[in-house]
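The data blocks that follow each hold one structure.
Same chain, two partners: subunit A is paired with subunit B first, then with subunit C.
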Partner chain A sequence: MMLRFLILLAALALGGALAPQARAQEPLRLVLDNPVLEPLPFAVPTFIVETAGAETLAADIARVVAEDLTGTGLFRQIPQSSFISTPATFSDPVAFADWRAINAQALVVGAVTQEGGQVAVKFRVYDVFSGQEMGQGMQFAGSADGWRRMAHKVADEVYSRITGETGYFDSRVVFVAETGPKDDRAKRLAIMDYDGANVQYLTDSGAIVLAPRFSPQGDRVLYTSYETGFPRINVLEVGSLARQQLGTAPGNMAFSPRFSRDGQQVIYSLSTDGNTDIWRTDLATGQHAQLTRAPSIETAPSFSPDGSRIVFESDRSGTPQLYIMSADGGEPRRISSGDGRYGTPVWSPRGDYIAFTKQLGGRFHIGVMRTDGSAERLLTASRLDEGPTWAPNGRVIMFFRETEGEQGTASLYSVDILRGTLRRVPTPSGASDPSWGPLLR
Partner chain B sequence: MNMMTKAALLIAGLGLAACTNPGRFDDANGVDVNGDGANAGIDSTTLDPAGDPRSPAYFNQTVGNRVLFAVDQSTLTDEAMQVLDGQAQWLQTNADYIAVIEGHADEQGTREYNIALGERRANAVRQYLVSQGVPAGRLQTVSYGKERPIATCSNESCYAQNRRAVTIISLGVTG
Partner chain C sequence: MSIGGYVSGTGHALFVLWLIAGWGLESEPLPFEFTEISVISAEDFAALSGGGQPDLPPSDPPAPVAPLPFFLVPNTPAGGSPPVPTEAPQATPPPEAETPPQPVAPTPPPAEVVPEAPPAPEPPAPFVPPPPDPSLQTSPRPMPRPAPRVAPEVVAPPPPDAQLDEETQEATQEAETPDVPAEAQEEVEDTTAPEEATDRIVTEADIPASAPETSIRPPVRPSRPAPQTGTDDAPTDTAAAEPEPDDAPDGAPDDALGDVLDDVVGDIADADAASAQPPRQGLAGGTLSASVLDGFKGQIRECWSLGSVSTTVLATRVTVAFSLTEAGMVDTSSIRMIEFEGGSQADADIAYRAARSALVRCQSYGSRSGYDLPGDQYDLWRNVEIVFDPSTM
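Presenting the complex of A and B:
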């Protein structure tokens, strides 16, 4: 389901009626590279209802916008009960003094119209203390069942105007939905909004499915399936659910696939005669190439954003560690150097960090390091944390955590890579192996 | 247990029962000519006694269909080799059986690494069986990593049971 949004900039640009005034201070800006940010207080009054009957939608949209922002840990919502005044119409002049008085630094004013199955959401963002609008007002319009996406788009704009970076709220995550006891667990692929809403299933549970990976374009998903009795890689079209098996060289098991940034290449592990190496298949030509040749285990490859290098996991040193090689293979260089065992490296979409799973002293951690292995930081700790995936803007990681014992179940969490803010992502059943797709258009 | 194994048990069982205990079949079971869901209502254990050294049950229970591994290891212990000697002998005697060796890992490791580790274990078993004279073409390997634990607690007593390679036999043609 692709929603098309009408974005109206010009019509709203002149409506704010803001008199130019001298800035008393620096413009509002949250610098994400600062690791000790105080959450920025913001206010979102319930969106103004411009057509009768849109009351519920107006409240729901304002709520989702606020949840997106507070969920980052970067923003703090001022409760509506402390508001001194609220705008009656979208074009009312903003009573900045009333918002300054309750220390709101940012204000989001929105309005909703609903006619038939169509909904339009417009909004403006204000820097309360300077009394200025941040950027221009915008409107998103589409069918009513896409209202959550419109709310996420509003929140992405607010995030972007205050931080100067792209948001990640209007995005989706593919994952493995898990049900049943631990020794007979049923797994199927599922897709959801980044916040756990709108779960849909992509496969049935007839065979074990593992580790789906979104294409950077969001149109396809790679995953490993045991439907033939042996693990093989499938390419699934998200729109049609059509799927086909990835062509590989002969080998009894193919698994751990990942797309290149342009979506044209797939790198993965192939096992032959008990040994696992990394291979690449070109989706256009069907040609495959062997990238590592070692008697050790080589798995979990991930491309750098520019496609020139691959980070992967190998136990050639005796324990699993992280290595980087050229995209065409060649001699790898080890980058992990701490104690413990490292796995599942994933290159950040910004190119600056590599996320990984680390086992140390009976605990599992999700961590990040620079691409040369320096500045390692562990972000989480539990008995089993695994499988990091990056938000499209490279500021947040999602992963899964499995609880202990016979009743142990897996759940999804997200964590801010600089501040460590941890957030559970609600899912209707157990959930593992998240893969975060791109920001939607 | 996969469908092929179920079918093999059933066929083996029928062959045996035909001369020893025909009265055990009733009409309800007898008319299922398509073989669809043919196991419903049939107690294959009764028809396939572990006492018969040619039976899959004998292989699974008396010879032993699984071997265990130490943490992170794929090397065979003396005890494992003893079990595999028995498996090799049985497979050579019963030449119409093929086997898939399933490798498994405990939950202390990432999904991807454990799949590769389970494959290493399955292959260690396969190599050993081949070295003892079982034709390589009758032996396949597959790894489930940590996807199919048989013991579900989260401590070493369960982990030790899950670090295993299981030889699953079935009637079949050499691949």
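Presenting the complex of A and C:
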């Protein structure tokens, strides 16, 4: 008993001695909300040349990396004229104080080696204010002709390490290239890098083509062609340009196709006897299934990422609205509830949003809503905005905008769904109906 | 020589031989030196070896560089680049020679690939000027946030302030017809903003917290009555004078413990009372005023930018602890993330990085050299914990 008493006494005495200090060091607790949403300032010095003759390549790669990041609207490039110092070699210690002085929060240091036709690019990303590297260094190698892809790869990695989500720079877009006046416009399929570079044509202008849709694997393209005088769905192999007509169910017109996530099924609209419904065709078995049976027009179907549901457009309520049904059909549920006419829904690859076109008050909008129809937000507005397509990371939407008048042309734009940053995608001619392919490997 | 002499001689001889032979002269092993070795992760090792380079002067030798992961990038992605459609793929006719007003080469060569001359730096992709619709305007500046407390409908402007007339007018009688009918008066009342609405966006940061940020110090314990005598019975008498706990099984030891506890509590209270009264106590006393707290948060918020993070990071709350010097400068070595919620570890790492960057950058923001906090209340803000909560955006 006495021992217990003494131990308790000592503990209490010790606690009494320490308590005032503990109380005095009790931290001040605050809650901070409402952060600012400013682009992150970053610096990309010209990549270091490790072999003679790679000077141009080093500058070009650094430029493309910077353009990729800046083009998102999430980053702001600090001009090289502001740099206090630049690393001479890839292994040089980073003078963080010099970069802090110009308020660079992220720093990308890279180096280029070119031997013959082979190029190697390596890089590191630094958090300037903590003086630490974000992730580990990485290097890519390939042929000199593929330097843009390597630059996009570097930019994707930098984007991912800073934002926490995958990038979308090393990806391609298939679209309809348009030339000529509106009443005699030639249309053909084309493919390009996400930023408008490396445009190549997939078809000639002998027949009108519409609404190309990349397969989730990026190896095939569905599109609607008027070669026969009626709209028919074709499948085109990107690598060989081989194409064939999709064997759909019997009908007058087949259009608005889209792949399932596994690329094994195609859903589309089929018009028979003046009525348009949604059908599904299994590419392996050739079997068809009618998913809707309504006297109204059902079109523009799009699978959810898990393939379990389909969002589509229907005017069964009197005006075009958005509905969701099971991938096997069944009773649809309307999700759009606002004023105006909704169309061309596309499910985000993340599964969280549905992009759509909305016509309201004589203007067209590209917008997004949750899959239950809530949280609708309109991102754009113009005389004609149409054809939304998601970037592989589900953060950006590309669409086309058509200007007014006889000589009005269609152009591609991209918009960040969170920031609303709008950017025009340069193309050598008019462009419409974009379809964003997957991130390349 | 006596027997003792023989015995002694023999013993000494044996001893000398034993010394010469060196038996048992092995030195004791030296004590081992123990060195604490910490196990570090691969990431930490990479950071030490090649990643987190210290801010060294240029003359320092370069840090060893860890080997970089190597990835091959094919020039053409899976599926390959499409061939130039100069010939008809399968049965399709060859592409016509396009003669549109805008000539389009069938395969425009990428200008950037030309190796002969370094191409002029291309201007960055032009940004589209924001359309006239305000909803489309893009600005690098912070966008106005939703204002749930702003009246959903436009409210009529308030009537102009009453002007004093220079001429005194006679008061009208109540019996006369009022200028404004009763219905119209009701309409005027309807146009006012709802009670819960306000003309400005009120955020959590603007509302002084109802709960105190720091607890009120307990008052000093009243002095205990001095013992009447110096005899050993005095404590017992004092304890007996006080109300005895009902559940006390036996009296004497618990009474002694109770006294000890009372003493300790009293010491704590006394010490707290002393610490709650710093030598240069400010007007706010033992707590930081709401304006000081708002000002402190506002200084940090200036640099807390989440404009380049994912949506999942925007839904992640991180609690960051750090210490400040008396000059209001952050002890960067003390910054640490205590906890997070709402996202993954990777999301929390990015959210923490943004918070850390904000703390470090904004202490020297503009002409500031350290956070502006009352120096006479340093004990109250020496250690800080901030919950960075972007979920309210």
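Keep in mind that, in the parts below, the second predicted complex is superposed on the first by the 405 of 441 C-alpha atoms of A that agree within 3 Å, B and C clash if a C-alpha of one lies under 4 Å from a C-alpha of the other, contacts with A are read in each partner's own complex, and residues count from 1 in each chain.
Note that in this section a contact is a pair of C-beta atoms (placed from the backbone, for glycine too) under 8 Å apart; a residue touches a chain by one contact, two chains touch by 3 or more.
All values derive from a computational prediction rather than experimental measurement.
Counted by residues of subunit A touched, the larger count belongs to C, out of subunit B and subunit C. Once the two complexes are laid over each other on the shared chain, residue contacts for A:Gly387 go to subunit B alone; subunit C is not touched. In the superposition on chain A, A:Arg333 makes contact with neither subunit B nor subunit C. In the superposition on chain A, contact of A:Arg293 is made with neither subunit B nor subunit C.
Of the two partner chains, neither subunit B nor subunit C is touched by A:Arg370. By the touch criterion defined above, A:Gly274 lies against subunit B but remains apart from subunit C after alignment on the C-alpha atoms of chain A.
In the superposition on chain A, A:Pro428 contacts subunit C only, with no contact to subunit B.
Within subunit A, the residues touched by subunit B in the first complex and by subunit C in the second are 181. Against subunit B, in their complex, subunit A makes its touches with residues 181-183, 185, 208, 210-211, 226, 229-231, 252-253, 255-256, 269, 271, 273-276, 297, 299-300, 313, 315, 320, 341, 343-344, 357, 359, 362, 383-384, 386-387, 402, 404-406, 408, 433.
Every residue of subunit B that touches subunit A in the complex is listed here, in rising order: 2, 100, 107-113, 115-117, 119-120, 122-124, 126-127, 140-144, 147-154.
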